[in-house]
Amino acid sequence: MDATKKQDVRIGFYICHCGSNIAAMVDCPAVARYVEKLPGVVLSRDYKYMCSDPGQELIQKDIKEHQLDRVVVASCSPLLHEHTFRAAVEAGGLNPFFFHMVNIREHDSWVHTNKVEATEKAKALAHAAIQRVAKHKSLEVKKVPIHPDVLVVGGGIAGIHAAMTMANAGKKVYLVEREPSIGGHMAKFDKTFPTLDCAACILTPKMSEVGSHPNITLLTYSEVAKMDGYVGNYTVTVKRKPRYVIEDQCTGCQECIANCVYKEPKFHDEFNEGLGKRKPVYIPFPQATPQVVAIDPKVCLNFRNGVLTDKCKKSCVTACGEKKAIDFTQQETVQDIKVGTIIVTTGFKTFDAKRVPQYGYGKFPNVYTALEIERLVNASGPTAGHVVMRDGREPKSIGIIHCVGSRDKKTNRWCSRVCCMYSMKLAHLLKEHTGAEIYSFYIDMRTPGKGYEEFYDKLLEEGVHFIRGRVGEVTDWAMSPEEEGKLVIRVEDTLAGYVRRIPFDMVVLATGMEPQADAQDVRRMFNMSCGSEGFFLERHPKLAPVSTFTEGIFIAGACQGPRDIPDTVAQAGAAAAEALALIDKGHIEQEPNTAFILDDECCGCKSCIPLCPYTAITFDESKKKATINEALCKGCGTCVAACPSGSIVQNLFDDEEIFSEIDGVLAHD
Amino acid sequence: MEITRTIKYEADRVKGFGDEVRSVPGCEQLQSCIQCGTCSGVCPLSIYMDYSPRQVMALVRSDFKNEVLRSHTIWLCASCYSCTVECPRQIRITDIMYELKQRAIHEGIYPKKFAIPVLAKEFYKMAYKYGRVTENVLAATMFLKTNWLAALGMWRLGLGLLKRGRFPLKVESIKRRDELDRMMRTVDRLNIDALHDEKKKITSHRVEAAT
Amino acid sequence: MTSEWNPRLVAFFCNWCTYTAADLAGVSRLKYASNVRVIRLMCSGRVDPQFILDALAKGADGVLIGGCHPSDCHYVEGNYKCLRRFQLLKRMLSDMGIEEGRVRLEWISAAEGEKVKTVINEMTATIKQLGPLGMPAKFEEWDKEMEHFAAAVHAQEAQKAPCAEHAQLQETAHV
Amino acid sequence: MTTYSYFPGCSLKGIGRAYEESLLPVFQALDVKLEELEDWNCCGATAYMAVDEVKACVMASRNLAMAEKLGHKEMIAPCSACYLVLNKTKHYLHESPAVRGVIEKALADVNLTYNGNTPVRHPLDVMVRDIGLDEIKKRVKRPLTGLKVAAYYGCQIVRPYATFDDQYNPTTMDRLLEALGCTLVPFPLKTRCCGASLTGTLPEPGLLCSKIILAEAIKRGADVIATVCPLCQFNLDGYHDKIAAKWNDCRIPTVYFTQLMGLAFGLDERQLGLHRGFVAMKPWSAQPAAAAVPA
């Protein structure tokens, strides 16, 4: 009681049951009773759902009726609801920073199994919060203006949709794409499931809209090299690779391609998964955006090992004529862009089927990946839609193997979500194109989507054979005459209960989705996190699925996890909306956890200055003291911990607050 | 044709059997089986099995002890380890098969006159006794114990081996048999499986009760 | 409650990686020892060695610091700064006779809920073996020793020294 | 001169005599000394594991402990089953402290200790990775030019511990045989099971396993199958009559890779135990000496 008077604070404490999430493992009333007796506490309650409206109103009412000047809520993680309760405290008429939150759900009730121990832990944590909150100070939220421009990284369907949404809302968008054209994986697909509308028909109009939209600056064949700054004010360095063609001067007439010294295309065509050939000067695919050619210095005769030799007669330049679009002297350039928000839509990589050697990809020419089949059935693909195998034959029997590089602890343990559906789509298309007998080998058929199960029904009716069993191996040796010269799949038909050997002309591997090879670099660059499988981590799996832990940076599409086109587009729209919400507010509210220097105590030793990664600390020569630029400080507190004279203070995390918290967690036995 | 009832009742299960197998080091992963059939798909002997390896996993997990220990499958496993390396859940199926073989021999409920368990036991005895194994003597013992008629069919092979000097007529043995003997007795004394054996006894009673 | 002695662990987790990982452990319903008390900081760079000493002095049997993996720090390199300080502190702790396993620095990313569990369980097991640290009691003991010592000096001096000097000495002993 | 401990295993003293008879002179020709483990016992073997795993481990660990005592850095085990069981025991002792405790006590009774040292290696691995193909090429006096070989590895040196080669498509033996001048036929069944002990116990399933391998080797145009394991050799070589009676005749000689090495090194065929096979390889010495000794 004495302490109450001395500290002169009036703390209200609330412990949340969270239904049974907390109450099942923590004796909430007991904690409330324990806290009630602590110095400074004038009121201590337990309540079923603190985050609900009545819960928040309870706090507001108590602040007024009991003249509370400090509030502590013990409930879930502050990363989830700190904001909610600060707002409630503010609505109750207090400074929102006279509040502290205790995490007794994620850090207590959910991770422990002994109710007595969990309750004791909750008491200790609550005790610490009570001691800490008494030391809290009134703080002002810092408002900084937000730059209205947006950067979208990755020009697949997610990036295209996000960029279009933002641009249509009147924002200036930079869309950066690594390849010479936007379109991503979707541009390679033939049809889309379950509606079977053609991918190009729905994608290419969007692509050309992006290309001509006045609010979109399209930077293809470019990569983000660096990001600096903070939410609202990012500076991004974009590296523009030389395509040896001046974009503004190329009209896409493709005369250069026709007149290349190579009369026949003979180089690996990335867009067609190597099934077709292209020339050193090429346009990736007919509807590429921008309609600008690129020159591949690795194979162009005018280069040797990528170095310009000028040895070719350059018939392409002649063909280009007056347009003068070809420039062999082009160098890599860098460009700085200022934006307020960033949407990362870098997509996925398909699993390398060679990592599952027992299926013979790369060894048997007639084993294909699903993406190769997409090109093979595509009317604008390398065979103009005729399904012929690498040996020139048309397949009479085709086996499709699901889950290649998915649900397998030796490669990728996750389900790639799209393979069941696209395998069925390919089964349908292959049957349509070839009339072949088609077998689909699956572990579990996953069709959770609108119209997906109906699509499965349709395939069953079409007479595609579905066999439940993960294929053991694909081999080329025969046990019987009908297997001669065929690829043989050995599998247990788990539903019929027999091990079977089935001969096929063609085998298709439904490869799964993986994070991009450079996902870790991208993650570091944008200050994001990755989940254990390597996809970018969302801020909250349910409530903040397109946000990241870095304010102002959003993610959408398959860079966050395997997903299909409808989900990707929905997510891209969501990310755009989140970014818009931030921009249209006009300013960012920053957590006032910055540090400042106590002038009287600073001895001018300068030890803090090199520690700051944001160069927020400078030395004031006239005063012989360090000063911190509040606008640059991000509130890590590294300088605070290092100051030998203890003259730096971090708001919200000052020494006094933390020491009292330490004292508090140990005060209770 | 004889029609038999194939339904299984709760009484057909030996509850706890699955858990018991899973508690053996190396068999823990059993629980994560997704019944994909990869093991059967790669097993070179699955074509002769009464239950496929996948089914064995399911049966063990569901406590169908009698069915599993009586099955031919566990004895057809030639330990080629294909299933173990291919299993997408990294279940050490070969080791589980060994565990099941041990249990079957221990409880004596393997198919009688079935050569494989006999070979395993004779091998064990011979190695235990002499420290080494002389294959042809072992084979002869095995055939005499299971199917002496089959032994007659083997005379040609034996003769061939004899002619080629690959048929040692004396039983190989190590010099310090006593050493091995002492070590084995220590193991028996320590009997780390004491508890295990207790369990096995209890469950075997249950098997008897169930049969 | 079990009669067995349970160590008390204070943990300082950075907001972005380890605290989030601990949240993930919760969301995944992983189970770990209940004797850890987490204090959230924005960055492991904020961990002042005094926090650690203070925690030990106030009765913690061990201290765990959790930060982002090298090159993953939300504040670029606060975790390196923390590591540097930690190395120095370790030497000091060993001079004080505090065993190595009692104070640990771990890099735990936001995705590694599982690691939160294993580290906390490992540390609990280690410290259980080491037994209570009992710094508060030690401090008391040291205080008593000092008092004894002071008293002894006092008594000695009192016997032979004149009063003025005595007063002066008493003052020194109290400093 | 490098010395390895040598664990022959029971088969190499019986049905697999030819393996030892060729292995020892080949190593000698390569200036590598093998010191046979004194009073070694049965490895513990797979059949043993089916009865009592702990006791099988005791048997294996006596050998491992004696090898440690002998003091050479590594031990060679030519039989695939021994190789696997010894390695598996090492893993097992490492994984399970309880079993290790028991076994340490049992070893202590006979004044032995096991510290987890002394890796167990397969001779194929030692030949290619330690001695090296260059060194082997230097010893080739009569290259086996024109001899078409199917390299058959069997199961247990690549599964479950693929320590020195790819488990799907091992190539160590292919490279070794190529160095001897052989032509390797593409052989998809390199690591398929030969039937192991089933050939003796349950003839049909076991023999079918062998038959598949034999038939495929013939189909791929091989003159001879090269193997690394006494049981594989026995299964592929010993049951031709039965296989012919059951299915069709699949006669093709199956030899140890060390026998081919011996031939290429110009060692006496009789000494290499080639006469011990059921289906004999055509005497190589009778063939016209092909390309001369590589300079």
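Just a few scattered comments:
Chains: A, B, C and D, in written order; residue numbering restarts at 1 for each.
The rule is short, and it goes like this: a residue touches a chain if its C-beta (ideal position, glycine included) is under 8 Å from a C-beta of that chain, and two chains touch if they have at least 3 such contacts.
Since the structure is predicted, the reported quantities are computational estimates derived from the model, not experimental observations.
Between the interfaces B-D and A-C, more contacting C-beta pairs are found at B-D. Averaged C-alpha coordinates put the centre of chain C at 58 Å from the centre of chain D.
A separation of 25 Å divides the Cα centre of chain B from that of chain D.
For the pair chain A and chain C, the distance between mean C-alpha positions equals 37 Å. Averaged C-alpha coordinates put the centre of chain B at 55 Å from the centre of chain C. Multi-chain contact residues of chain B (touching two or more other chains): 47.
Residue positions of chain A touching 2 or more other chains: 358. Residue positions of chain C touching 2 or more other chains: there are none.
Here the chains touching each other pair up as A-B, A-C, A-D, B-D.
Touching chain C in their complex are the following residues of chain A: 77-79, 103, 105-108, 110-114, 116-118, 120-121, 124-125, 128, 524, 527, 529-532, 537, 541, 549-550, 593, 611, 613, 634-638, 640-642, 650, 653, 655, 658-659, 661-663, 665-666.
Touching chain B in their complex are the following residues of chain A: 358, 403, 407-410, 443-444, 468-473, 490-494, 497, 499.
Within the complex formed with chain A, the residues of chain C that make contact are 1, 6, 8, 10, 15-17, 19-20, 22-23, 25-27, 29-32, 34-35, 37-43, 45-51, 54-55, 58-60, 71-72, 74-78, 81-82, 85, 109-112, 117. Across the interface of their complex, chain D is touched by residues 357-358, 475-477, 479 of chain A.
Across the complex, chain B is touched by residues 10-11, 13-18, 39-42, 44-55, 58-59, 62, 92, 95-96, 98-99, 101-103, 105-107, 109-110, 155-156, 159-160, 162, 167, 192-193, 195-198, 200-206, 209, 238-239, 241, 275-278 of chain D.
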